[in-house]
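Some structures are shown below for you to check.
Common to both upcoming complexes is chain A, partnered first by chain B, then by chain C.
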Partner chain A sequence: MLICTKKLSYTYMPGTSFKVEALREIDLSIDRGSFTVLLGPSGSGKSTLLQLLGGLLRPTEGAIFIDGRRLQYRRRELRELRRRVGLVFQEPERQFFCETLYDEIAFAPRNFALPPGTVKERVEQALQQVGLDDPALLQRSPFQLSAGQQRLAAIAAVLAMQPRLLLLDEPTAGLDQAGQRKLFALLQQLNRRPGFTVVVVTHRLDRVASLADYYLVLDRGGLLMEGSPGEIFSRAEELHRCGLSLPPVMLLMHELIAAGLPFSPVLYSIEEARREINAWRKKVARP
Partner chain B sequence: MAAVLLETKKLTFVYPGQPESSRPALKEIDLEVCAGEYIALMGANGSGKSTLLKQFNALLRPTGGAVFVDGLSTADDHCIPQIRSLCGMIFQNPDNQIVGTTVEEDVAFGLENRAVPPPEIRRRVAAALELLGIAHRAGFPPHQLSGGEKQRVALAGLLALRPRCLLLDEPTAMLDPAGQAVLLEAVQRLNREQGITVIQATHYPEEAALAGRVLLLENGLLLKEGPPNDILSDLPLLRSLGLGSTAAGELAYLLRRDGMPLPGGILHNRELAVQLCLYAQKN
Partner chain C sequence: MNHSVTLGRYLPGSSFLHRLSPRIKLLVLLLFLVILFMLQTFAGLGLLLILLLVAVATVRIPFRYLVGGLRPIVYIVIFTAVLYFFFTKGGVVLLRLGTLTIEQEGVSAGLFMIARLVGLVLMSLLLTLTTSPLDLAQGMEYFMRPLGRLGFPAGEIAVIMSIALRFIPTIAEESQRLLRAQQARGADFEGGFFSRARKFAPLMVPLFIGAFRRADELALAMEARGYRVGAARTRMHEEKIRAADWAVLLLAGAALAAVVLTGL
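Here is the complex of A and B:
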């Protein structure tokens, strides 16, 4: 799915003295199959943008185009949109309400009135994708799962609709390192399927930096930057000014460079840094 | 040696409703925390970090063994008000712990509950807001604040009660980088300048590296404790627990494994920079 926005704006409580302009005239595009990271300080409009892209909010001005067609917010269009776009909120496991894991995952497919056989298939596939396909878990309460498993189950509940675009708001908050690793491995695996698009809002860039191929940066309701990782992270000063940070490995490389060492400032993983330093070592080592 | 402020003796805890035979959430934990320490609590989800924090202000009380706060047992009902004034807690999600309709009111809540005279309340609220750099927000409704500001409001509410110890349960998990930095800086300053004891549960090695001592929990057991340079450079152990080290710690470990002569215990970017410069000089 290719998404573009033209002068997309959203104001909460317009026409009242409480109005808040959350987004102003955003022009952006998200390519089919990309792994896009949405950055921005608190209050910059990230969650509002996700809800607009997921069709939960309707722009107060401007428009969203999906595969070239302007979204008109007709009932059938919205139904289709909600099938194709999966939205994973912050702490999504707080929305669990079914008595068993199976019912939780089956909720959306049933809601869309899919035949029972298809519902079962969808549940099995979704749980397999997130690695929770142990049959012993199916009849257990979702609240008996560990925190990491609950997060994965909440994502499975969205995947059961077989979306083509997954929007996630701070998916790793509160997860331990193993949980974070698992979650990003899942997103990478989904993104490898042709045409599957992932958009992630996150403040922690350590794991996402080596996966992302596109960045959108919001600041106070406006689009401050969009582009490739290289384009975004070469503007470290501007990111810093709006309260954002570089991925930890880049901060480390900056420190090494500041100490006079000849390394590249734009690296996305510890592995890349390791290779670069080992290559340097061979050069400086006395024969 | 500073006085012991918190102490656990064979602390065991089983959540109510769990069968006696099930694995306890905490098992026979022996721990002493001195006044003024800064402690990071690390462990996978479900290892018992939050459960342990909640023992120190008697939100939970031991099912076996004992917990003492400044010599007072949390098992003694009469001590609980005093224990809760000594140890205050903040949680991961700032939205779940704010009750006031304005920032000022929220910070005053605990003091009003303790029937502190109004002029004193006003003084303490103003001082706490000032200390955390949110005095300009005093009259705002909390929902208009950023996550980082809300977390500082929650912290101000604790400080107004003049606690000796802060229990912080992943306080930065929902904050943006600027919000994280300001909050951590405030906590460090309170620890350094006012000698307030801090126990902070965290999944982020960068935060644990700021502490004076790191405790590693696994399945309710206190597995290992020590200074961050020891604990966070034991990568094989951390990984076996599903944890990791700082960027510099991870990289230094890998470079050492590749045969580079680096000393152990590197955690901070600057430390690695210094060691690489020394290496370049020697060669």
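Here is the complex of A and C:
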């Protein structure tokens, strides 16, 4: 176990008539090295939960435990937390403010007062991880990159802190297919490193959602369900009711499972579904 | 969310003051401003403050809001008090601190000034808490309209005002979001004023870029809906002045006349 929460609640502007109860008594745990997807329709409290986990918001009630130690929100503790936990906000390229890509990526390592040599190393490593290691790009303005490259650069800016846990809020939003594919590959590759934990927030059951080995489903500030892909997708009816509709290919697979065919209830991409169905057809054709 | 945002922020409601025409509210505010500065006696000022508190009670604003709204003037009040208490001389000496003295007239003049300040803020709070920014801008446009004949762009100014008011909460939210996003990258915004000023770029640059992008999108959206500078616009909801509005205006006028005649 890496992070767990006990009765975690968060209310925006408490004590005023504008107050909004974003989260109510969330109990969850995220395992080290897991790929967890936080699902929920918009307004379900996903982003708030992510910011709480990143130590950027302080819970109104309840507590967060990291490696079994309760987070006390002391200044030094928070700094350490922010170094270990990388939080990528929604549309993170909107935080860019530097004149060169190098400075943008170096912002985080410099904030943690690393020596210049180490900063340079970190920048190069981070850019290499996201596949932007073309030296010609380093002195270019981050605003000159394509939308997909900007997103990758923004993630590199967080990876430069060398976090052990990466939290991403709707990382594929606004990207084209090619950009989404690159991001998908990056997250998969990061998660493959031992002990590297990835948590992705999304409101769509898209390809990134299919990477998960564990799902948390939020609905109106409460934890609706959690579990492995099998456990979650066997309750497709409930997902649908809170506005998380399954992609057409998943509806097809569910119909086939309901008709008695031996497929497992995980999140399929079209490609995976095709492979599964073809494999089954071959098996049936040659008894 | 920052709590200072609640300062003068519109609180939707259905009280008498909420339903009053914004144009009339503006006029009444103007009349009461004149009254406030014509009042010469504590009795008159006290009466006005009681009237304002009664008005506040009818709006049923949570007490917190009022205190929150008055908080920004605390320093002005303290400054005023110090200035008047120590530098206006006359009457009995109340307190002696070395070479400094506090005298009776200083205290009474200071208290009078503070009461005026509180009245001023209470009045403007009553207006902004009960009138939506859009209504307020339209009310102001109404009074600027005669200037239109002289080539003054009253309609455009009203649009600019309502857009500016509309985007204050959006930009405030955006800056909170940016603050947290840069904190997630290890930026430390705590510490003294100077160390904070130095760390301004990571906040201000994206905030400005965002504001410009938003302005571009808004301009495009407005043009797509047929907005043209200089074109006469009609309203979907023409707001009407009702009997109650006239009555309030009349009462405010009467109050002013009473103050002038009695010399309160």
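Methods note: the second predicted complex is superposed on the first by the 255 of 287 C-alpha atoms of A that agree within 3 Å, B and C clash if a C-alpha of one lies under 4 Å from a C-alpha of the other, contacts with A are read in each partner's own complex, and residues count from 1 in each chain.
In this section, a contact is a pair of C-beta atoms (placed from the backbone, for glycine too) under 8 Å apart; a residue touches a chain by one contact, two chains touch by 3 or more.
As the structure is a computational prediction, the values presented were derived from the model and not from experiment.
Enquirer: Considering only touches as defined above, state whether A:82 meets chain B (first), chain C (second), both or neither.
Expert: The second partner, chain C, only.
Enquirer: Once the structures are superposed on A, label A:177 by its partner contacts, choosing first (chain B), second (chain C), both or neither.
Expert: A:177 contacts chain B only, not chain C.
Enquirer: Look at the residues of chain A and decide whether chain B or chain C touches more of them.
Expert: So, of the two partners, B touches more residues of chain A.
Enquirer: Let me test your reading of the model: by the given contact rule, A:270 touches which partner, first (chain B), second (chain C), both or neither?
Expert: First partner only, chain B.
Enquirer: Go through the superposed model and pick first if A:43 touches only chain B, second if only chain C, both, or neither.
Expert: After superposing on A, A:43 lies in contact with chain B but is clear of chain C.
Enquirer: Taking the superposition on A as described, I'd like to know which of chain B and chain C A:54 touches: first, second, both or neither.
Expert: second
Enquirer: For A:157 in the superposed arrangement: first (chain B), second (chain C), both or neither?
Expert: In the superposition, A:157 touches chain C alone.
Enquirer: Determine where on chain A the residues touched by chain B overlap those touched by chain C, and list them.
Expert: No residue of chain A touches both chain B and chain C.
Enquirer: With touch defined as at the start, can you tell me which chain A residues reach chain B in the complex?
Expert: Going through chain A, the ones touching chain B are 40-43, 90-91, 146-148, 170, 173-180, 203-204, 206, 243-245, 248-249, 251-252, 255-256, 258-261, 270, 273-274, 277-278, 281, 284-286.
Enquirer: In their shared complex, at which residues does chain A touch chain C?
Expert: 12-13, 15-18, 51, 54, 56-57, 75, 79, 82-83, 86-87, 89, 92, 94-97, 107-108, 111-112, 157-158, 161
Enquirer: If you look only at chain B, which of its residues touch chain A in the complex?
Expert: 43-46, 92-93, 146-148, 170, 173-180, 203-204, 206, 242-244, 246-248, 250-251, 254-255, 258, 260, 269-270, 272-274, 276-277, 279-280, 283
Enquirer: For a test of understanding, state which residues of chain C touch chain A in their complex under the given definition.
Expert: 1, 6, 11, 62, 64, 177-178, 180-188, 190, 201-202, 205-206, 209-210
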